[in-house]
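One structure is given below, represented as structure tokens, and several questions about it will come after.
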Amino acid sequence: MKSQIVTFLIKCPDNKGLVAKITSFFFNHGFNIVSCQQYVNSIEDVYFMRIRLDATDAKISKKELEEKFLGLAEPLEFTWSVNYGNKKSNVAIMVSHTSHCLYDLLERNQEGNLDCNIKMIISNHEKLRPIAEMFHIPYYYLPVKKGEKQKQEAQVIELLNQEKIDLIVMARYMQILSEDFINKYPERIINIHHSFLPAFQGANPYKRAYDRGVKLIGATAHYATVDLDEGPIIEQDIERVTHDSTPTTLKHIGADIERLVLAKAVKCHLNNQIIVANNRAVVFPETGE
Amino acid sequence: MKSQIVTFLIKCPDNKGLVAKITSFFFNHGFNIVSCQQYVNSIEDVYFMRIRLDATDAKISKKELEEKFLGLAEPLEFTWSVNYGNKKSNVAIMVSHTSHCLYDLLERNQEGNLDCNIKMIISNHEKLRPIAEMFHIPYYYLPVKKGEKQKQEAQVIELLNQEKIDLIVMARYMQILSEDFINKYPERIINIHHSFLPAFQGANPYKRAYDRGVKLIGATAHYATVDLDEGPIIEQDIERVTHDSTPTTLKHIGADIERLVLAKAVKCHLNNQIIVANNRAVVFPETGE
Amino acid sequence: MKSQIVTFLIKCPDNKGLVAKITSFFFNHGFNIVSCQQYVNSIEDVYFMRIRLDATDAKISKKELEEKFLGLAEPLEFTWSVNYGNKKSNVAIMVSHTSHCLYDLLERNQEGNLDCNIKMIISNHEKLRPIAEMFHIPYYYLPVKKGEKQKQEAQVIELLNQEKIDLIVMARYMQILSEDFINKYPERIINIHHSFLPAFQGANPYKRAYDRGVKLIGATAHYATVDLDEGPIIEQDIERVTHDSTPTTLKHIGADIERLVLAKAVKCHLNNQIIVANNRAVVFPETGE
Amino acid sequence: MKSQIVTFLIKCPDNKGLVAKITSFFFNHGFNIVSCQQYVNSIEDVYFMRIRLDATDAKISKKELEEKFLGLAEPLEFTWSVNYGNKKSNVAIMVSHTSHCLYDLLERNQEGNLDCNIKMIISNHEKLRPIAEMFHIPYYYLPVKKGEKQKQEAQVIELLNQEKIDLIVMARYMQILSEDFINKYPERIINIHHSFLPAFQGANPYKRAYDRGVKLIGATAHYATVDLDEGPIIEQDIERVTHDSTPTTLKHIGADIERLVLAKAVKCHLNNQIIVANNRAVVFPETGE
């Protein structure tokens, strides 16, 4: 293999000797272990590992590596994935008419901080096309006409297939996706919800935050699942507010939280830091390699 | 009047000239305005003021002041209260078997940072009596026997009456108070709930926070109302957690948030910083006089 | 006067009756007081007020208003300014080769959240011209050649004069401005420093933060004064970091803090929320009008 | 060995295969690895590991374990320590006249959250003796008379020796310890400084924070070294403040930060989460075992 960083994500029943067995496996095949993060869920007896390997001195092909790894993975009942770090992820962003999250993602990627190919922006409105043009990203206007949601989703799916999209980011896309759509992309759709979930699930969270008189507002990035706003939480943050805030000022304050929370979640996903289990996201911290 | 700080809290329909009228009234009666904080709820057209007056040079008795103030207050439809700063509030703390909030309040008061008389601790368990004894505060053990909740509450009320209690702090008191009890003490019972409301209302918030996989946990101090956990929020805060937290570690992390949030809320109340309207608490910041 | 919001900022020696006198003055001339924020520095006996007025019903011209206000302001020794809310501020952004703060300001303004005219971007490098072009803002490349700093600053000043610039934002401009330049624009130059001042004044704060092993990094927006990094602080914020951070990851984490802190400071300035006294910035919170 | 958790802390030059070698060593001797945390400082090429082992099934004595471990440790140049989890640490708290940190530590330990033996409180003032008595901890009043600092420190050292003190916590002890004293207890003295270091090193940080007009104040817990306030930082935190804060209100706000930061640092130390290298503290997060 060429000089590159290979990342394995592993989930399995907890067992004695796992870290020794896994790290020895890679060491014995010539990999240098750049970082090895693990987590044991001792309530559910599940073991999680994220291991990053420098393949420079590994004298083994990908095919051989994966075959041999199966010899370890099968008896220990691993659920696993591997990323060879040699290919940027393809990303599609879905939006409606709110621009702050879109700007933020495009700008971060342009500055080289997201490390992905943003292949397209899909919207049910024309409004944000000028932003797509500023950043030279194709913009697809696919409105959802009454009774034609299925048809529109079919068009979306076709676009996603054409560009081999790895990750869909719902950057304030104000349409509910169908179960069929969501089930096609398990742990591959990230949504930003404008409240600190599970508070204020559903519509109008800032208005409801005002009505309830909360002293903090927040935002939550999570994987989309068929239960709306109930998918695994990747990242959350909050900001202090006071009685003086109106739904409008809450919306402005909240916009900055949404941007940061969504960007962090997308970065964790692209950087292979996340393993989902039992509707909870294990998010390993970035290592300062 | 003697040298003292007098605080008026005023709530009324918004109107032109309110600040000029109110501040002129006090100025013309010889008060020096130490601080004047206002807030206009422009959605509901309600005006709020907290005004603190130095009475050193005021040549007017309390009785005269209040009579004359009525001449201003009635036509402008004020809801108002006044505190003459000459008497510490009497406080009762209610607990069950969790000690961190109790310790914290007792210690702050002993250090001179709460500025109240903690007259009694009431509990449905014997467990925390030693802490009361450390701080030389009377401890009343009033268990809630099956079918005798009303009787126990009557005993509590009698104690509160005897000591002329101004504020009841539920510092993790794990009993639901009856509507009758709560209605006797409007905006005079502060409760600490161990979640960032409205998330995880009700029982076992840390367990549910673990189950939901949130990345922040919080605590909320609010006035008790008959709708459980739905009273006006005075203060909230959160702390970051990770996938690695268990319900037990969440409980430990949360304990520190609970302590701080409850202490801040109690301090705001004792310092006359709060006006409630429409189930929301207007909390004026402390001024650095 | 037309329907508009007029903002007065007032600073004067503390005195009895100030709030009554000032608010009565405006009330008597037909203004509705939208918000009135005050602060008394009781250590230095200085009074500060920010008062916002709805001029819809005021039957008085600007000229008359200012003449009459002088009758109040002079005997009470006011330092004051007034903004009639009828003209957006003209802003110049100065940058070198770091783009995140520039992007952020341009994007916020484009979204309508800064409410100013960004008239120009001035840089000592060509590098960020493409961003200026994306947002259709004139970009002036004015390199600082050895021994020609004075000449370059003269060119900058000429541009600022031409466009009647009200506020200069140093969005990571990596040149030290001369005393002459800075003294021309008192409280009109906002700089972002990439540390929580007064820690890590001067160069390379992220490298020094790594070396010192701090557990938080921060950013500080302040008015530029001739003492480098010692001007009045407008806004600061921090983010937690760990031992695992390198100078490079600190720089990435810090970039988001810098963006937010600078944007908040610029917004407070444009919104007339700041009064400076004794090298400290009194920053009144935004009111939710 | 009996059923217990054994913690090894290891620091060594970075090398291929470290994690595999170390984990295999423990696995092969019958230990179950409860958690294994590592960090590679890639700038200085240093490897750090904290590994926690369940010794229930290990058929090896402590002596054998340590002898065999040396066979691994020496060729790889480990700096290491081991804690067998079978003995609470002995702690001495040093104070002057500020009580909030003292209360906090005593209360946490009484609640079972620090897991140590607080053997004594040493003070250069009599003032806080009543608190010691509340918690039934011996209190030693050892004033520092002019010219007799060396003598007083000798008395302190004798007390520390008598009780086999493992950790000295300076909970606002306002005396500078001599170099001799500090060098006797490397990485065994934790100090709380009432600012976010390196800002406001030295005396009167709250007064200086007021003078500088900062918008955040903080506190820092660090190991004491001969360079005052320059030891390895274990934990820091901050709180927002405004222009309205005075040195006195800053002190009150700061007190809560100091308490939490000191308690967290002490807990990390007692829980064997810290490895110091090059004046920086590697602090591994607590694992939710």
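In this document, chain identifiers A, B, C and D correspond to the written order of the chains, with residue numbering beginning at 1 in each.
The working rule: a residue touches a chain if its C-beta (ideal position, glycine included) is under 8 Å from a C-beta of that chain, and two chains touch if they have at least 3 such contacts.
These numbers come from a predicted model, not from an experiment.
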| item | value |
| --- | --- |
| Where subunit A and subunit B overlap in contact partners, by chain label | C, D |
| Interface residue identity across copies subunit C, subunit D - same or different by half | same |
| Taking each chain's C-alpha mean as its centre, the one farthest from subunit D | C |
| Centre-of-Cα separation between subunit D and subunit B, whole angstrom | 36 |
| Averaged-CA centre spacing for the pair subunit D and subunit C, given as whole angstrom | 41 |
| Subunit B residues counted as touching two or more neighbouring chains | 39, 42, 242, 244, 246, 287-288 |
| Complex contact set, residues of subunit C against subunit D | 39, 42-43, 196-200, 212-216, 218, 232-238, 242-244, 246, 279-283 |
| Parts of subunit D lying in touch with subunit B, wherever the complex brings them together | 99-100, 103-104, 107, 111, 113, 134-135, 242, 244-246, 248-249, 252, 255-256, 260, 285-288 |
| Footprint of subunit A on subunit D - complex, ascending | 16-21, 23-24, 26-28, 32-36, 38-40, 42, 240, 287-289 |
